[in-house]
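Shared between the two complexes below is chain A, which has chain B as its partner in the first and chain C in the second.
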Partner chain A sequence: MSPRERIVHALLGCLMAAAFAVLYAPIILVSVLAFFPALRGKVDWSNPSVEAFGKLAGNASILEALLNTLIVGLTTVAVSLALGTLLAYRTSRRNDWVSRLVEFVIFLPFLLPPIITGLSLLSSLQQAGIPRSLVTVVIGHVLFVLALVYRLLLNRLRSIGASIVDASHDLGASGWQTFRYVLAPSLSSALLTSGVLVFALSFDETLITVFLSGDDSTLPIRLWAMIRVGFSQDINALVMLVLAFSVVMTVAIAWLLQARRSRAAG
Partner chain B sequence: MTDDSLSIGISAPGRKPVFNGPALFWFVICALPVVAVCLPLGLFLATGFWHVDNGTMVPALSLDNYVNFFSNPTYVSVLLQTLTLAAEVAAGNMLIGFGIAYFIWRCPPVWHFPLLVLGTIPLLMSYIIKLYALRSILGNNGFLNQALVAVGLFDKASDLFLFNQTSILITMGIIYLPFSILPIYLTLERIPLSLLHASADLGGSAWQTFRHVTLPCSLPGTVVGGMFSLILALGDFVTPQMVGGVKGFTFGRLIWSQFGMAFDWPFGAAMATILLVLSIGVIVIAGAIIKRTEAI
Partner chain C sequence: MAVGDTALQASDRDGRAPGPVQSQSPAGGSVALAGIGMRYGALRVLHPTDLSVRAGEFLTILGPSGSGKTTILKIVGGFVSPTEGRLLLDGQDISRMPVTQRPFNTVFQDYALFPHMTAEQNVGYGLMIRGRGRDEIKRRVAEVLSIVGLADRARSLPKNLSGGQKQRVALARAIICEPRVILLDEPLSALDAELRRQMQTFLKDLQRRIRTTFLFVTHDQEEAITMSDRVVVMNHGRIEQVGAPRELYYRPATEFVAGFFGDNNIIEGRAVAGGEVETPIGRLDLQGDLQPGQQVRLAIRPEHLLLGGGQSRQAAEMTFSAQVFDVDFVGALTHLRLRVGDGQTLKLKVPTPQLHDDIRPGCDVSVHWSRENMRALRPTS
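Let's turn to the complex of A and B:
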């Protein structure tokens, strides 16, 4: 690098440091505040405690929201992985107009503003007379994440190549046997990555869920309702736990993707 | 054994199966997402041509909702304001996101992965929590004000940073920034080193290489990053509500209000259709730019 390039590099480094500080400072601050009681806007720094976390464990509505979130997340993972894998498998075998139509359609909820997906589902449910429940939330979440699962799985299937599937067919295996014994083992890492990613997205999904959840709210919706009222140590404690969970999941996803990439490269 | 078991995978010509199980199975699998996306969307778009009479929706086709919208200067100005806001967020994030992605790319390779993860973690962090945290920082009682007063830049806490259009701009910029860092980095990483070496060997200066190789090659990622920010900012209705206060009205919030307080679903659906058309326009333009750069 020339001296001038080095100056640009240093300046960009400062930009990144500043941006990361802005991205992380607020959430770190909120997390730290979970340990300190505050009175009328003044934080009592002398008295750290984990009392707020204990109170959370006794809050029935939060625990219920957490349970709902887990149910929705796991169901979304199961449904979207099954559907996404099948659709990707079909495209990898037969890239016809049906595949292209499906591809276009499932990318819509992912690319369009969430408010459109949420409202169109809400409006249709209303007209069909279907009450909102966790089931409708799962439908919304599956539509939102399906494109990602499809993409990740399709990439993996394409890298496996068609010849191994043809070989399996030539040896007399049925479609299901080929899938079960030939493809599934090499898909496991892609499935794991997509699964964690889908769960993380479902865990935080707010903008579609708000239209589709009836009386059973998920954690982000419950948090939103709490936050609208104001700030409190309880909220901070809950926020800290949710953040810690998200960070763990993101690092896991990044690590899984990286492991796949380096395996593909080496 | 019949000759069926011998002709696996090859259907004999002129013979139709009595019941085609797999074909039906694949039909259902493909139809499921298509119906689940298109049917609600189609119905919803149709609602935009209806109207409300005595609290119930009347399915009579008319363009009244659209006429009402475009003939009302308040609504149109909210739309234009939101378009400007979203464009500012997208432009800012493309610029800052590019700077960060470029920096990471130019670092020694061991740093690439950790820095990229650091830039991506906020993407999967709860959206609501980020809003809550930012609001607590930007508020009158928040840390930004406290810090500015402590340093002596401000005499007293200011309302500059919360409950106005600026606070929406700042907050959206911060929340959507990771959406542009990741795609830009991914395209930068795909530029073959040989291309950069070739440019240098042919006597290109660092700036010329950047201007004629790096920048065009990374354009697809930059466009995708900007597209995400733009579309998300256009339709966002929670950020303006949380940090915008009364003054921070945006198009997304206007749509949202039709389904709450105003309870005029057809009018809301008509406005959502306008949002849909704008978003599809953005996607089509982004797609065209990407296709053109990849063709070169």
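Let's turn to the complex of A and C:
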């Protein structure tokens, strides 16, 4: 490598380090701050502690928000997987106008700005006289994530091919038996991946939730409310926990997708 | 290759005389299509068709892609409903019977093995669905796997099996439920030439042994000729001709059939009075009932043309003088091309040992054939 090339490489390296620092330093800073008490905006660096996490654990409203988040997340996973499987199966078996309509409509909520989805859902629910609650939050989340589940499962079903379903019927199996013995085992990894992905999305979702949650708030909404009152160490601790959870989910998704790819290749 | 060998050895080793695998297994069923047709909107894929498949026969539906052959198979299997007509099994109307209840099993073109199940789980699936006992399933699966020569691969997943082995798992899975009819949708098209020939023999032997009706779909005319009791030739959603392989080969009814099976000499002509046809090589007496003035195409196989003057000089013989313009040695046979009369070219296939050394391009010969080997073709619809 010539000296000139070396300089270029060094410069590129610096540029990349700077970019990473700008992008990720705030996140790291917030996590670090969770361990240091702050008084009137001044951080006391001399006295690291996990006290903030303890306070968090004692905060009933936060625990309630966490519980709500888990309920919404798991319900969203269950409903979107069931609905996504049905729709993907329908589309994979028949290519008629219903399937084409599903293909078109299902991606709209995912592509529309969440604020539009949230707003339109809110006004429709009000017209229908349905009060805001965790149920409406789940409806909003399902609408948002359904396209993903649908796409993942449809890809899987298409790669399986229609003929094994035909073969199962040919050997006498009913629709349910075919799903139970032939499709579900082939879909299991796709279902798992979608489930984790949906849970992660639902866990973080804020904009649609803002419109649809009534008195029950989820963790991001709770965080939002706390920020408006003023920054505190609790907030940092909560941010760090949400962050840690998101990282775990991201790693899990990446790992699941990787495992699927290598299985498909092998 | 080794795969196919074991299969053939396995069936040879058993050494049983052709007969049912189990005495109580029902014999093959007879299937009849009565005016069965298929339309997708304005698109006709199958014109109303009558066809009967005899009990226990090996019937092949042969045709190019888009000829409607796979549509017939799917209708019989119950995967699609015909837009018209009735389907009968042993005289009973089964048009409305769902696929899950038809006593037919299918071998799919891409095998359609369940990827997460082992070979024996795949084969036992039909019995498992029928709620048979664990022991019975185990015994029957072992029996059928040994018939197809795969006893040692029972616990392999499909992805660890070769193409020929997957093929035989698919076959075992189809025969284990003792269907009245087995439907085979181009099952050999994914195999290489050598393996395909071995599987042809294997399938034919298997069919003779289990005596189930086989309905086989292919676009490969050699496959159709070598395996089948009868062949149905299809084109553009219609049946062109039904018959034994020899009959289709030597007595093609239409231009399409004549062109589909190997080489043919085609002589164009026009019918004149008295059953004779005016052609570039002269008048030919066909003794057929042809309308005078009608355009006729006559077909004769290259191997039916003989060199030298007709020995017997019977009325049925047609003899012409000709000039050789091409001699092509291809081994056991030598291909000759002759020019006869007014620019007509005829191809001959002569066994090489019977050919005189002095036959070279440019020399004059005479050529004859028997009238019964010559066919007037119906134009293709």
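Following the convention adopted for this analysis, the second predicted complex is superposed on the first by the 247 of 266 C-alpha atoms of A that agree within 3 Å, B and C clash if a C-alpha of one lies under 4 Å from a C-alpha of the other, contacts with A are read in each partner's own complex, and residues count from 1 in each chain.
Following the convention adopted for this analysis, contacts are C-beta pairs under 8 Å (C-beta built on N, C-alpha and C of every residue); 3 or more make two chains touch, one makes a residue touch a chain.
Quick caveat: nothing in here was measured; it's all calculated off a predicted structure.
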If you stack the two complexes on chain A, which partner ends up touching A:I116: first (chain B), second (chain C), both, or neither? first
Per the contact definition in the header, classify A:W224: touching chain B only (first), chain C only (second), both, or neither. first
Looking at A:L146 after the superposition, I want to know if it touches chain B, chain C, both of them or none. Which is it: first, second, both, neither? first
More residues of chain A in touch with chain C or with chain B? B
Check the residue A:V105 against both partner chains and state whether it touches chain B (first), chain C (second), both, or neither. first
I'd like to know which partner A:A21 touches here: chain B for first, chain C for second, both or neither. neither
Output check: A:V43 vs chain B and chain C. Expected answer is one of first, second, both, neither. What do you get? neither
Touch check for A:A167: first (chain B), second (chain C), both, or neither? second
Residue by residue on chain A, keep only those touching chain B in one complex and chain C in the other, then list them. 169-170, 172, 174
Which of the residues in chain A come into contact with chain B in the complex? 2, 4-5, 9, 12-13, 15-16, 19-20, 22-27, 29-30, 41, 83, 86-87, 90, 98, 101-102, 105-106, 108-109, 111-116, 119-124, 127, 139, 143, 146, 169-170, 172, 174-175, 200-201, 203-204, 206-207, 210-211, 220, 223-224, 227-228, 231, 235, 239, 242-243, 246-247, 249-251, 253-254, 258
The answer for chain C against chain A in the complex is residues 77, 79, 99-101, 104-106, 108-110, 112-116, 125-126, 128-130, 173, 177
Chain A contact footprint on chain B (complex, rising order): 8-9, 22, 26, 29-30, 32-34, 36-41, 43-45, 47, 96, 99-100, 102-104, 106, 113, 115-134, 136-137, 141, 143, 174, 177-178, 206, 231-232, 234-238, 242, 252, 255-256, 259, 265, 268-269, 272, 275-276, 279-280, 283
Which positions of chain A touch chain C when the two form their complex? 160-161, 163-164, 166-174, 177, 181-182, 185-186
